[in-house]
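Lettered A, B, C and D in written order, each chain numbered from 1.
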Amino acid sequence: MIIVMERTATQKQLEKILERIEKFGLEPHVIVGVARTVVGIVGDKNGLEPDSFAGLPGVEQAVPIMAPYKLASRDAKQEDTLVKVGDVLIGGDKLSFIAGPCAIESKEQISETAHAVKASGANMLRGGAFKPRTSPYSFQGLGEKGLAYLAEAGRKAGLPTVSEVIEPNDVDIVSRYVDVLQIGARNMQNFALLRKVGRLEMPILLKRGLSATVEEWLMAAEYIMSEGNYQVILCERGIRTYETATRNTLDVAAVALARQLTHLPVIADPSHATGKADLVGPAGCAAIAAGAQGLMVEVHPDPNLALSDGPQSLTPQEFDKMVKQVLRVADAVKQNNLEHDHRPDFNHS
Amino acid sequence: MIIVMERTATQKQLEKILERIEKFGLEPHVIVGVARTVVGIVGDKNGLEPDSFAGLPGVEQAVPIMAPYKLASRDAKQEDTLVKVGDVLIGGDKLSFIAGPCAIESKEQISETAHAVKASGANMLRGGAFKPRTSPYSFQGLGEKGLAYLAEAGRKAGLPTVSEVIEPNDVDIVSRYVDVLQIGARNMQNFALLRKVGRLEMPILLKRGLSATVEEWLMAAEYIMSEGNYQVILCERGIRTYETATRNTLDVAAVALARQLTHLPVIADPSHATGKADLVGPAGCAAIAAGAQGLMVEVHPDPNLALSDGPQSLTPQEFDKMVKQVLRVADAVKQNNLEHDHRPDFNHS
Amino acid sequence: MIIVMERTATQKQLEKILERIEKFGLEPHVIVGVARTVVGIVGDKNGLEPDSFAGLPGVEQAVPIMAPYKLASRDAKQEDTLVKVGDVLIGGDKLSFIAGPCAIESKEQISETAHAVKASGANMLRGGAFKPRTSPYSFQGLGEKGLAYLAEAGRKAGLPTVSEVIEPNDVDIVSRYVDVLQIGARNMQNFALLRKVGRLEMPILLKRGLSATVEEWLMAAEYIMSEGNYQVILCERGIRTYETATRNTLDVAAVALARQLTHLPVIADPSHATGKADLVGPAGCAAIAAGAQGLMVEVHPDPNLALSDGPQSLTPQEFDKMVKQVLRVADAVKQNNLEHDHRPDFNHS
Amino acid sequence: MIIVMERTATQKQLEKILERIEKFGLEPHVIVGVARTVVGIVGDKNGLEPDSFAGLPGVEQAVPIMAPYKLASRDAKQEDTLVKVGDVLIGGDKLSFIAGPCAIESKEQISETAHAVKASGANMLRGGAFKPRTSPYSFQGLGEKGLAYLAEAGRKAGLPTVSEVIEPNDVDIVSRYVDVLQIGARNMQNFALLRKVGRLEMPILLKRGLSATVEEWLMAAEYIMSEGNYQVILCERGIRTYETATRNTLDVAAVALARQLTHLPVIADPSHATGKADLVGPAGCAAIAAGAQGLMVEVHPDPNLALSDGPQSLTPQEFDKMVKQVLRVADAVKQNNLEHDHRPDFNHS
């Protein structure tokens, strides 16, 4: 950390800072400049935050120089992490396609979808049973019955399953039925939930919060990892901006940046990111081109009759076409890596 | 709801829409214009959302014409709701001042703060025992021990208490110690938590989410109310924008707007909104001038030694001065209401 | 337009609205519902805005149902517009690569860059001579001398040129030297400048404003077109969001959406969008995958010595590698169009 | 400036940095820490930007420690600047009320408004003659004829006048008619325009850009001042955020912060900030409570018939009521300053 003193800071204020630094067992380095005095604290100390200095009298700013996440960082682990789900390796050479309806509505709906997306190349099945809805009057999902339908549909189609869990008390029941637990965007900083799933031994798919920075997203992964569960898959799903023409704004540079900063797999959800079926294809291709290692796509046998998220759901036919195109894009960006050398600008391995 | 058909929509597509509307037991009104056809659905139907039409073929947009919240709306209840906490009436003639440290650190710290803020005119004591922290390595609060300190300090100083609860499983324990449960910004859409506190018979202080619209904020209140608990206090605490010079952006117009849309009390938290002690006073005055019925302010005996949020905490002396100024501002805006008539532009009753 | 009356609107207020509509020579359609009355104005009337009704007493909202841009819309022209610059066709089958330094610094620098990017496949040369800088104390560009260097370098390398013009008075001089005039993000709503270049007979590259919606961007194009100049190229360059890890947030869905809404060519600038050289490649590939018809990339012989935007500039070697990858991506998304039929979800070509 | 080297930076990379610093005539201070090396450049050098180092190999970040604006800063001038317009002193003890219609529509309209707002206590008259409109098809203002109406109305009512200038070529004509030139939000970074008005000897009212940071806003003032014109009035008018319930988001903390950072007068425009007449009063009071030294308010004799911005215009009666309330608020916050001492938290002098 670097502490920049105010132009008008007194010698006494400076001494109080130095005292505080030493209290933490660290060594301060003082540089007296023409206009300002600067104090460097170069030793590494877990949990010591710039905020704990920024408020002291005489301090203008306190600047961190180390990323606040440790276990999630490429500094901690250079090589890409592979998360194994059944026979699928997320983060590896092959793209992951997680597809299915926003909400599980019936046995037939999820089963029909499972077979269709499997035929198109999906290697995982998604479906919501506990839905976080903005309105208490909207359809909230089928609950455990939905999970049972999902598990059965996945088993019959030969697809591992993923479903969202929205509170710590549901973790046991959801984890009994599915292969991957999803933490939704609204719960990215539901720390009790993060800790709870951090104590499981199963993969966690962690969506980026609606207005979370990349750093906060990686800190949320760190919460899970700090409890012992290292099987975390990150999923970019669009952020909230002033633009209203799309549901959210897909942040493809965040995908590329996360690939640089962390060894965890990074995928994208173009359905929630755009909110419009006819933008899902282009957005999905874009995410893959930026380095995403998989996609999560909403597919419904008849989007017009979907109980939720119909407008952003693809038909199985549209999904089929999309997969083909996405695979070609993945291939296009991958070829480059053979020639790749010094700068990490195209690191979609 | 109004459904605007695409310019190229076919008669068959239109008929499918009409059929769907009638399936919901509603009556469609068709207007055929030169360029477009428009379908009005004017009957009121709880839970029917524009989204359920926006995706149908031939539909360009579906526009809601009723607010999605019912119980929280001024349509449901014209007069202001008063929330009673001990002897304090939040939402009434007297401003509410909720003050105290970000985190309870020790018996002495909370007790000293309680007496100081009481002397300055605070009528409620705040203090965090279960802290939602971005980093798993940061101080997470004293837990139940902290709650006991808070309760004792409040009792001795004659101040009701408020503390945050961050997960459903903590609701029982926190509600045993405090008079008001706080739902923090990060949990504004933690629906399991909202439902759980909705089944209590005690006041809930609901902070606006970091990137929540006013409508989503009121929908979160609706979640609590739909379970039977009508004692909800809304708290604006700054939203996330591109501006980095302040921690968040205090949205005073949202305060004024919420006062128009809902009968629930609306207060503001200028400490989190600005993140800087020397902006808390101006921001607090501004919120009151915009119609807020109270303030929640972080006060610490020695902000420089605070374990969290030191930079935005006031000293008791600063708080004392602020209260005096805020009371004068409240008085200044209240005088107007005597002359107030038709337009609800100065409705800070 | 659709006008939704307030629940409490009086008959007299409604009549005043109907009168106003008829004053504009239009025919109102009234639907009286259980809770609200709605008035439809279905005739098309240029320049009649919802805002001119939203303020009338008794009006709750006024909702537009037609896009406010006409000439730029796919409604006005179905097929893609091709903009011809020398031998280059922007918007056609072949991708456009516009490359060069942020600022022209010397004859040697721009000339060396021109030859390098030409060799890598660029078909247009960029370079700033009049620079819009946040600080009045920063390097403001070489002015006319710079333009002369640019023109010469372009001519020798066989590349048409593009440079930014930042005020109406510079239009004459800049247009004398270059083949395409660029309107920068900060000037997207500099209407005097838009009108001025709208009276020229040369291509205009119009960047999206820092916080412009897609609709405002197309309205800015409409300004140029309404003066008679239809040769407008749109360029997405990242929008301003709360995320600080990247300079801006590249909005790839806006690229895809703009391709649907307008017939004008759409390209992207991954350099300004990300601000970091090692994100330019992934972001550029993403933009192309989303449907962009070209890229504008900052290339500098020695980014470390660049007078501006060094951190986001590629070396010629990096650019060379990027072009190869981008071409493969373009190829990957284009193949799909052969099979493309009903839904416009993959309309890149 | 402080330069933080990457963990993996080589000795050679460090040396290249030191060389570059010395080339600029400055002295580097190296601190070698356990994990990183940090280089401090403490001497003050106008125009040397962090960006010129951030891109060098081995550099992780470059952090500025001085504000980039000089003339606008409180460091350059401690005491508040007073801008004199006729008999009005903006920034002094008395609040400034600038009122009038969005657009000048006729001699009668502006004249009637002038007399009405004068009677309510306004001390300056506003009215737009050259309007920046999002659509080329919207009413663009009366031009010079409008300016003549404005000047006459102001003279007769005894009010100095302010009107917007939207391009350098209009500066001469607009400055001939009015007392204060307004630079609108869309032109805050129209640097050619800023420079042009910087060479005048008349007051400039500079609105904050739609998505400008406080720092960029002060840099825009610096542009004007760097040309010799120190009579700059800053005007906060709401920023663009994700919230759509209001037109923009009034940033009251930016008002308070700007009052700390600069000696220039700071006022606010609650009309554009909120976009809704019934929010203008509360927002105006809030801005004053936060430290604004005046307000700019849209007033129209009959908002329902206004050619632009009707929904956010007050009637003269509403304005009259608002002025009374705002004055009481100003009085309420001013009293505090008598007791004000060390911390600049309530500096609304």
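One rule holds for everything that comes next: a residue touches a chain if its C-beta (ideal position, glycine included) is under 8 Å from a C-beta of that chain, and two chains touch if they have at least 3 such contacts.
Note that the structure is predicted; figures quoted are calculated from it, not measured.
J.: Please identify which chain has its centre, taken as the mean of its CA atoms, farthest from the centre of chain A.
T.: D
J.: Which of the two pairs, B-C or A-C, is linked by more C-beta contacts?
T.: Greater number of contacting C-beta pairs: A-C.
J.: Where the centres are mean C-alpha positions, what is the separation of chain B from chain C, in Å?
T.: Centre-to-centre distance between chain B and chain C: 38 Å.
J.: Could you tell me the distance, in whole angstrom, between the mean C-alpha positions of chain B and chain D?
T.: Computed value for the inter-centroid distance: 30 Å.
J.: Rounded to a whole Å, what is the gap between the Cα centroids of chain A and chain C?
T.: Centre-to-centre distance between chain A and chain C: 30 Å.
J.: For chain C, write out the residues touching at least two other chains, lowest number first.
T.: 211, 240-242, 244, 277
J.: For a test of understanding, state which residues of chain A touch chain D in their complex under the given definition.
T.: 2, 4, 7, 29, 31-36, 38, 40, 42-44, 60-61, 63, 65-66, 75, 211, 240-242, 244
J.: Give every residue of chain A touching chain B within the complex, in rising order.
T.: 16, 46-47, 49, 51-52, 54-57, 68-69, 132-139, 166-170, 186-187, 189-193, 195, 210-211, 216, 219, 222-223, 226, 240, 277, 303-304, 306-313
J.: In the complex of these two chains, what residues of chain C are touching chain A?
T.: 211, 213-215, 239, 241-246, 249-257, 259-260, 273-274, 277-283, 285-291, 318, 321-322, 324-325, 328-329, 331-333, 335-336, 339, 343-346, 348
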